[in-house]
Structures are given as structure tokens and as C-alpha cells.
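Presented sequentially are two complexes of chain A, the first with chain B as partner and the second with chain C.
Now for the complex of A and B:
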């Protein structure tokens, strides 16, 4: 029973991951981006859980719970830690218009399929088929980093990049030891907290967090 | 543990202790404690160098965590000689700096940099592999840069000098690093013993790189442009250490390449070194002879002396290629003696200049004068060192230049036959260069001593000058004493020096008579003490007859009733440094290309009467204006264009990484 639906479940989770990434490029509202990030975290946790059940490794199931708590709930909560009314107002004005951005996402996805099949070989397993999604997420995260002006939107780009790396790891090598995964998650949480505080101070000091206006160093 | 090992270890330990002391000591104690520790470092280096020079062995292995061979410090005889030179200068400078430093020169940074500088310089000649050589070299450069920049806050020229110095030092370092890289690639090792038997192709490349690198440190033309900026602006004890000791490390590098690493080079190597050396000697002394700034004069004179050292080295290489071994060894020993004597007289001269600045705050010769009566010890030491710099008999400079000229004159012939066409052309030209240089050096130092110490003071500051503190006097006197000792007893010293480079030293140089020196291969003998006795025999009757005749005709007082203007002579009527050098400036106008600016202010009532004439004359460095400025302008223009690439936008930088990542992905999947 489970063997039959396993490839479909993997495909579903991977598809959700790619779709959330692409939607994040499309949507301009910060609140929408954060919600999509939460969805992506949940999809990543589901992917890990499915792999864990299929391989019969209880450790991976625990990792999936960890991912769910950190990436699905914790990080989005930290990012949205502001009054709903205020955050609804925040609209990103990206440096790339939505059409061009979505076209670029398509090209990047194609590129990652080409690269993974040529360089690593796709393999016959369903996880191997889904592996290019991880690379595509890394590239899309990078695209978000360079096309967004606000510090918090860039942070979201960074998190998508990190999710992409995690996806690629789980799909190609069946995950990393739990201790390492725990350390990575804590690292990311710490980075986000620091950058969040930093963005808050930037807003207090300069009245905005538009990174492209910061060009000179001062004492 | 042998004495040598203990000496090397002690230098490192004392260096660390001196750094810690400088960081923690109270400001009032800092100069004294730092000076004592630096003097101890130098004394240890002196003894270690002496041991190595006399054939002592011992090595210090420093293991490091990097995946390569451990650093090995083990000075050979030649390294020992140079360790001796730099630490000898180090002793003088440390003693002097104990009482000369004040204000920013005595800051914590300066006293941290001083032991770094000394230890770095003393360990470069001890290195036996290229890694430790470069490491010690960088410590030396870093220390000297920090010392130079001690006073950067209050004087803008120091900051500019610092930039020039850093840029030129890094350029030198780059060339040396590239040279070692070429050798290491060709031989497959980094230790000096493995860097041998190189193919001619890489050897030629490495030779040119080393010549540029070490030539830059040894102030050779056209890499000397930092010299007239850095040596005058640095504190005087630092200038003394740089000019007396640090440039010798450049010479050591040249010797390391020509004697040890690549001894069997083609003839054009020798000729190239001779050309560079000769050009440096001539250009340096020309600039020095027309300079009226005492420290600029001394700085350019350093270029001249290093030019002569390299001229000797080049001649030795050329002659060795034609099997004229005795003359080749004599030329090499002459070059080394010149380096030793330059260390002695030039550090004394710079310390003397420091004493003048200490007493008057002036280094412009046109505003000095009459210091001889006010600062007798400084005047005597500076005078003796000037004699050395002008290569006058019974001083060290004379012995070295005499030996250089002997080897150049006799080197072109072996057993009566001409050794080669190249040598028979190069040697007479070199003799002419040395002769012209010696003449101009005489003029230069007559000017430096005469204008500064004789006649009447040309400014209030010079009139109010007082002798410097005893420690400064002591180091000046020690330096002058060494200049005289080398000049009076050259034999034993030359024989010792010959042992460091020559496989058959007794055939090249021998000590004869009362400390005289003989060159058996050439058949020339110099015995300074006999010269002194002889000239005394001639001079004593003359002096006695003058005294007798003076007694016979009693002194008549001459009153000048009218005076012809002579009774109202004022200091402004004396010769100045500028007016003294004016004929020279006329003769060499085409080379020096001075820029003159004459402003005449007329009296308001009549155009026929002049109220004031103001003449300004500047001699710029031809190499700087013709060679460096165009290159710098080009780099600046390029820099302005490139600024658009890195405009400070984080998005742009991220885009660069993104595009790079994409390109890598596309390339690997093709």
C-alpha cells in the first residue's frame, strides 16, 4: 500500500516545495511571503517524514518533527512577530517585475534539472527524480536575495536557500545525523534572530530597511 | 645546545620580552626599558653573528602547524657577517633611541615595532629556506613601516612617505616571492640547499625577479623612489637603522642569489648588475650633491653607496665567469667591506643628523651653521663619518673604494692577457663611474659638514644649539670609532670578510704588517698605519717650522679702519648649501632638470627699484616624474573606472556571486 503511494507522496512534497518557492517570487506582500515560508517548512517536514517512514528510520521522523517546529512554526513566528495590521501594510517593491521573475524561476528550474541529470545522474529512485527541486530552491532563494530590497524579504530569500540545501541533502543522501541537523537548525534560528534584531535597529536608525540605500561605511 | 642555538633562541625570547615590556611599561620607563632590551637583542645578534662568521654551527628548528617543512634558522659565515652588520647598527641605534625618543616616537606602537624590526633584520641572514627568509623579511618590513608611521598624525608628509614605503616594500616582496616560487617550481624544494642546479631558463627569470626585489630594498635606481621620502621623514634613529642596516639585507639578498643560489650565471648577469649599480651610484650622488636638506642628502648618498656595492658584486660575477678568480674575490670582498663601512659611517651620519635636529629642530642646511663650536662631540663624530663617506684615507670608506678600484683596474687582465672583450670594456667604464662618484661624494660631504658645522649660524635655532645628552654622544662616538678602526686596521677585517665568501680566501686578501691589507692576486698593498706614520714624518717638520716662524715674528693686530665691507660681514653673506652646489647644478642641469621660480617684487613708487627677490628652486626625482607618475596616473584612471563595478551595493555583490554560481553550473553541465 505505502510502496504504491510513496513516489506520489515524495512528488507531492517536492512539488509543494517548488510551488511555494515560486509563489514567494511572485507575491510582494511580506505577510504572504511569511505564510508561504511556513507552508514550505511544513512541506519539508512532511518530505522528511515520508522518507523516514519509507526507510524505516525513526531518527528521520524525529528530525521531521524538529524541522516542523523550527522551520514550519518557529521561524515564521519570529519573522511575523509584529502586529498583524502593521505587517499587512508592508509591500515589497522588487527590483525585478513578476513576469520576468517567474520566467527566471522557470529557467533556473530547467537549469537545475539539466545540471543534476548531467553531473550527478538522476538515478531511478523517486527521491533521485525529485533531487533537482532542491537545487532549484537554492537558486530561487539566491534570486530572492538579489531581487528584494528589504532586509526581512532578503532574510526570507536566505531561508528558502537554506531549505533548498536541506531538501537536496535529504533527497540525495537520506539526511544527516540528527545531531548535525539539530545544530544546523539552531544556527539558522540564531542567524534569523540576529538579523531580525539588526533589521529592527536599522528601521529605528534609518527609518527603513531598504538595503539598496546602504552604500557607505561610517564609524 | 650550542652557543649559536642559544643565541638565536635568546634573540627571539628577548624580542618577545621587549614587545611585552613596550605594551605594559609606564610611559616614563618605556624608552629606557625598550632601549635596554633592544640593545640586548642587538648584542645577542652581534655575538651570534660573530660566532657564525668564525665558523660556528648550530640550528634552530621551528615546527609550525602548516603542512610544510619546519623553519630552520642556521646562519652560515656570510649570514653571520650580515647579522653582525645589522646588529652592530642595532646597538648604536638602541643606545641612541633611549634618550632621543620623545612624543610619538616613544609611543607604545613605536617601541613594539623597534624589537620586531631588529629581530626581523637579524633573522633574515639566518634563514636557510625561502619560507623563513620571507617570514623574517616581512617582520622586518612591518616593524620598519610602523616605526616610520609613528608620527603620522601630526605630519602629513609622514603619511605620504608611509604609503610610498609600503607600496615599494610590497613590490619588492612580490618580486622576491615570485623569484623563490620560480626556483622552487624548477627544483622542487624550498630550502636553500635544494634550490640549486636550476635550468638556465627559470634561472634567468628568477635572477631578474631577485634583482628587482632585492634592488628595491637596496635602494637601487629605478626602485629607489621611496628613499628620498622615507629616510628624511622617519625619526633619525629609524633612518639610521634603515639606511645602515636594512638596506644591507637587500645586499645580503643579492649575495645570496649571486654567490649561493645561482653562482654560475651567464656574463650578462654581471653586466646587468654593474649597469644598475653604476647608474645608482651616479644618480644617487648627483642628487645628494645638490640637496640642501641634510637627511635627503644622506638618503641619496645611501643610493650611491649601495650602487657601488652592487657594482663590485657585478664585477665579481663577470670576472668569475672568466676565471679571474683572485680579482673576482677582491671585488666581492671590496663590495662587502663597502657594505660594512657604509653601515658604520651612514648610521653615524644619520644619528648625527638626528642630533642636529634634536638640538635645533632644523634639517635644512641653509639654516644651519656654526654647530662645531656648540656641539663638539657631534661635530667630531659627524666629521669622521663624513670623511668615511667621502672615502678619505684612514677611514673605512677609503679602504673599500681603494680595493674596489684595484680589482676593477687590474681585473680586466689575467696574466697580462685581456680576459674578454666585455670585461675590457666594462672595467674602464666602471673605474670612471667610481672616480666620478668619489669626486662628487667629496664635494657633497664637504658641503654637508662645512655648511652645518663651520662658519656662523644662519638662524637663531642654530645659534642656540646645545650638545645632545650623553647616551646620544656615546653612540655617535662609538660609530665614529668604528669608522676609524676599519680605516686603520683593514687587514684583519678584510681577511675575515674574505673567509665568508671565497673558497680560497688567502689567495684573494691577506693581512700584512700592522693591520695592512694586501691583494696577492693583484699585487697591491695598503698599509694605513704606515701611511699615517709617513705623513706624520712629512707633516711634523712643516708644523714645527710654522710654529717656530710664528714665534719669531710676533703677532700683529690688524685693524680695519674702513673694512671694505668686510668688517660688517653678516651670516647671510656666507656660502649656503644651495650656493655651494650651484656650479654643480649648472654642469648637470640636463640630468637633474631643476625647476626654478623667481618672483621680483618692485617698490611701489618706482619700477626701477626692487623691494624683494624670491628664488625658489626644486630638484625633483626624474624617475618619479617620468616613470612612476605616468604609471600611477594610469592606475588611478583604471581605479575610477573600476569603482563602478564595486559601488557598495549589496545587491550588486550578491548578483556577482549568483552569476558566478550560474556560470559554474552551466560550465560543469556542458
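Now for the complex of A and C:
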């Protein structure tokens, strides 16, 4: 029974990951991006749980709970930790218009399929076939980092990049040892907290969080 | 014996806790010094153990000190001691709450670097390198000005993205090992020759991991965070970051290289690191010529030296003893220079080179050590940087990389000229005629760490036993023969 639906579940989770990444590029509202990020965290946790059940590894199920709590709940909560009314107002004005951005996402996804199939070969496992999604997420994360102007939107780009790396690691190697998984999650959590504090200081200092204002230091 | 492995991790953590718990006390300012001393002492103990043929292990093989790790941990301790001791804050200013978190973060930073060089797992090493970013983020933004905030933001974003790319590479390396009988991230096991790792995965993984750690090591073209962060951080932090954090990232590259060399041969990473190294030298040369800020000048000098070290790593085993000696010499001298630059900044109130004139006449107490350290950093003998540079260039020549080291030599000459001009501008000349002054012989801080650092760098190249033996042993570790 499970063997039959396993490839479909993997495909479903991977599809959800790619869809949320693409939607994040499309939507400009910060609140929507944070909700999509939470959704993406849940999809990633589901992916890990599915792999864990398929391979009969209880360790991976614990890891999926860890991912659910950090990426699905913890980080989005930290990012949205501000009054709902205020956060609804925040609109991003990215450097790319939505059409161009979505077109770029398509190109990046095609590119990652080409790269992964050329370099590693897709193999015949369902996880191998989904692996390019991880690379596409990494590239989309980069796109968000480059094209967004606001501090917190850049932060979301960083997290998409990180989710992409996690996806790729789980799909190619079935996850790293659990102790390291804890260390990785803790590191990401702390980096996000630090950047969040800096974004707060920026708001106090410059009256806004547009990263464009940061151009005092140069040669 | 194994307990020594835990000292550089536990002692700084305990001291960090102490700094936070201690009430407003003047003792707090010694936390950084105490933490570095603990790291240095355990490093020296590990070195003596390694020289006696032991390889201490602990934590189920997670911590391991071979000759290379023992050497690196001693460097972390030594440079840390110079930076924290030289940058000791005054008793009055150490009573504040800000000072408590500052000292605690310095101690955490030292613990993270120690873990990075002691971990026998590229995963744990990665986590520790990322932890150094976390510990230094608030240290870079310590002054809370708009500029330091900008520097800190760039540093954390670029540093974390770079290190995240390294994680992707490590993921690939792990995926390669999952294909074998023993899935592992231990570099000891991964650098054994008969594992049968998948070359495609190792190539992609090695390239990404080296690219990621090169960001942290400040190699061009991923260097843009470095001059900002190193010029805005408080002087001891700049000294620690320039002096050892960059080298710890280079250490990570060395470990990755020892894995990829066995599977795909040295050519691939050699090309990558040569390009990165030459680009770094080029960036440093072009931006040093017209540099106006002396702390940024020191930051670009770090990019230059990391570039040359990367070329040394690209050359391979013949150049590695020189590279490792370079790590120590550059660390000590750069920490000294940043400490003195902090004192000049404090007393002169300006980071602009053209505003600081005639330092040798007005403030000989600062100008004399500054001049000596500058001579050391541009590569005058008897300081060890000279011997390291010559060693790398000779090794490159005989390894058939004559073109690369030739180009590097030309760029080094440009950098030498730029440095000389800037230093002369700062120190020589007479003061403005209508201003009365009395020569200031004060060193504006502890003299001893500066003297110790200069003396150590001037003599270390001549000590064949035990330094030479240790460096050769460390090189042997990377060749996979230990």
C-alpha cells in the first residue's frame, strides 16, 4: 500500500516546496511571504517524515518533528512577531517586476533539472527525481536575496535558500546524523534571530528597513 | 590526556557564563585574556602530546587532535591572547552591562573556533564555523553606529549564505559516503584511500564546500564583507577575525582538499584556489593603492595574505609547511597591528590616513611598534612572513606553477609599494609648525603583548625543533599518511 503511494507523496511534498518558493517570488506582501514560508517548512517536515517512514528510520521522524517546530512554526513566528495590523501594511518593492521574476523562476528550475541530470544523473529512485527541486529552491532563494530591498524580505530569501539545501540533502543522502541536524537547526535559528535584531536596530536608526540605505561603507 | 581536548571548549564557555553572572566588577575585563590563555595552554599541551606520537581523541571520535589540529588550536590561543590582552579595556568601562556581553561573546567566539579545528567531522566543523559568525555578529555591530550596523548586516548575510553553500557541499560529500559501506562525515575516515566515493558527487561537494569556506576566509570575489566588518569592529575583535578566523576557514578548506585529492586528484581545486588567490591579490593591490582608512588598509592586507595562502594551498604539500607558518606569523602580526590601530583611533579620533601625520615625532610610543609591525607584514626578514612567502613562491616554482607565483610576485610588489607609501604618510614628516606639542611616549595600553608578538614572529622561523617538526607532521596529516 505504502509503496504505491510513496512516489506520489514524495512528488506532492516536493511540488509543494517548489510552489511555495515560486509564490514567494510572486507575492510582495511580507505577511503572505511569512505564511508561505511556514507552509514550506511544513512541506519540508512532511517530506522528511515520508522518507523516514519509507526507510523505516525512526530517527528521521524525530528530525521531521524538529523541522516542523523550527521551520514550520518557530521561524515564521519570530518573523511575524509584530502587530498584525502593522505587518499587513508592509509591501515589498522588488527590483524585478512579477512577470520577469516568475519567468526567471521558470528558467532557474529548468536550469537545475539540466544541472542535476547532467552532473549526477537522476537515477531511478523517486527521491533522485525530486532532487532538482532542492537546487531550484537554492537558486530561487538567491534570487530573493538579490532582488529584495527590505531587510526581512532578504531574510526570507536566506531561509528559502536554507530550505533548499535541506531538501537537497534529504533527497540525495537521506539526511545527516541527528546530532548535526540539531546543530544546523540551532545555527539557522540563531542567525535569523540576530538578523531580526539587526533589522529592528535598522528601523530605529534609519526609520526603515530598506537595505538600500546601507551604502555608507565603500572604497 | 583526552580531558585537554575539552578545555578549549568548556573553559571559554564557563568564563562567558561567569562574565554574564558576575556583577559590575573590574575583573570582568580579564575574561577574554583568561579564555585565550586556556586555549593556548591546552593547545601547547596537545602539541607536546602530538610530538610524542599520541593522537588524543574524545567524545566517541567527535573531537580529535592530530598535528594540524594541535597546531591550529595553539595559533587560535596565541593570537587570541595578543588581541585580547593588547585590547584590554579600562577598569571603569568594564563595569557596564555592554562590557559583560562583549567579553562573553569574545569567549564564545574562541570556543567556536576551537571546536572548528578540533572536530573530526566536517559537519560539526561546519556548525562551529557558523557559530563563529553568530558569536561575532554582535561584536561587529558593537559600536551601534549606522556604519557598524551596515557592516554587521552585510557580514551576517554574506557569511551565512557562504557557509550555507558550504553546507550544500558537505551534504553532497555525505551523499557520496552514503553510497559506500560506512556513511560518515569524519574527515579521518573520508580521507582514506579505498573508500570508493562517487567522483561526481565529491567534485560538486568539494567545489561548493571550498567556495563556501572561501567566503568566510575572505577570498575574492566573495570578500566584499571583509573590509567593512574588519574596519567597523572593535580593535581586538578585528584582530581576532583577521588573525585567526580567516585561517580557521582556510583550515576547513585544507580538510576538504585532503578528501577531494584522494578521489579526483589535486588539479580541480588547484585551479579554483589559484584563481581565488590571484583575484584576492589583485583586489587587495588595486584597493590598497588609493586607500584612505588605515583600518580598511589592514583589512585589505588580510585579503592579500589569505590570497597568497590560498595559492600555497593550491600548490600542495611542498608549500604547506610555509602556509602553516604563515598562518601563525600573519595572525600574530595582524592582531598586533589591529590592536595598535585601535589605540591610534582612540587617541587621534580619526580613521583617515591623511589626518594622522608625523606620528613618529608626535607619538613615538605608538609609531615605533606600528612601524616594526608594518615592516613584518609587508615581508621584511627576520619576520616569519618573509620566509613563508619565499617558501610558497619557491614551492610553486618547482611544482610547475611558475605563471601563478610569478603573477603573485608582481602583485606583491605593487602591494609593497602601496603599503610603504601609506605608512610613510602616516608616520614620517614633521608636525604643523604653529602647533606646540610634546612627544608622547606612552603606548596607551599594555606593551608586553605587542613585544611578545613581534619577538615570537621574528624568531619562530629559526626554530627547527619543535616548530619545524610540528609543521612537517601537520603536512603529513593532510597527505593522508598519518
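We take it that the second predicted complex is superposed on the first by the 217 of 219 C-alpha atoms of A that agree within 3 Å, B and C clash if a C-alpha of one lies under 4 Å from a C-alpha of the other, contacts with A are read in each partner's own complex, and residues count from 1 in each chain.
Going forward, a contact is a pair of C-beta atoms (placed from the backbone, for glycine too) under 8 Å apart; a residue touches a chain by one contact, two chains touch by 3 or more.
If you're wondering where the values come from, they're calculated on a predicted model, not measured in any experiment.
> Clash or fit: chain B against chain C, after overlaying the two structures on chain A?
clash
> Which partner does A:111 contact after superposing on A: first (chain B), second (chain C), both, neither?
first
> Touch check for A:160: first (chain B), second (chain C), both, or neither?
neither
> Could you tell me if A:206 is touching chain B, chain C, both of them or neither one (first, second, both, neither)?
A:206 contacts chain C only, not chain B.
> Touch test for A:172: chain B only (first), chain C only (second), both, or neither?
Second partner only.
> Check the residue A:145 against both partner chains and state whether it touches chain B (first), chain C (second), both, or neither.
Once the two structures are laid over each other on A, A:145 reaches both partners.
> Touch check for A:119: first (chain B), second (chain C), both, or neither?
So A:119 meets both chain B and chain C here.
> Where does A:198 make contact in the superposed view: on chain B (first), on chain C (second), on both, or on neither?
In the superposed model, A:198 contacts chain C only, not chain B.
> Does the superposition put A:14 against chain B (first), chain C (second), both, or neither?
neither
> Which partner, chain B or chain C, is in contact with more residues of chain A?
If we count touched residues of chain A for both partners, the winner is C.
> Classify the contacts of A:95 with the two partner chains as first (chain B alone), second (chain C alone), both, or neither.
first
> After superposing on chain A, which of these stretches of chain B ends up overlapping chain C: 1-9, 19-27 or 649-657?
19-27
> So which bits of chain A does chain B touch that chain C touches too?
119, 145, 211, 214-216
> So in the complex, which bits of chain C are touching chain A?
So the residues of chain C touching chain A come out as 121, 123-124, 126-127, 130-131, 133-134, 137-138, 141, 144, 146-147, 149-154, 156-157, 160-161, 164, 167-168, 170-172, 174-175, 178, 183, 185, 200-201, 204, 227-228, 231-232, 287, 290-291, 296.
> What does chain B use to touch chain A in their complex?
Interface residues on the chain B side: 647-651, 654-655, 657-658, 661-662, 665-666, 668-669.
> In their shared complex, at which residues does chain A touch chain C?
Counting only chain A, the residues touching chain C are 119-120, 138, 145, 151, 154, 158, 161-162, 165, 168-169, 172-174, 176-177, 180, 183-184, 186-187, 190-191, 194-195, 198, 201-202, 205-206, 211, 214-217, 219.
> Can you list the chain A residues touching chain B in their complex?
Against chain B, chain A makes touches at 95, 111-112, 114-115, 118-119, 139, 142-143, 145-147, 149, 211-212, 214-216.
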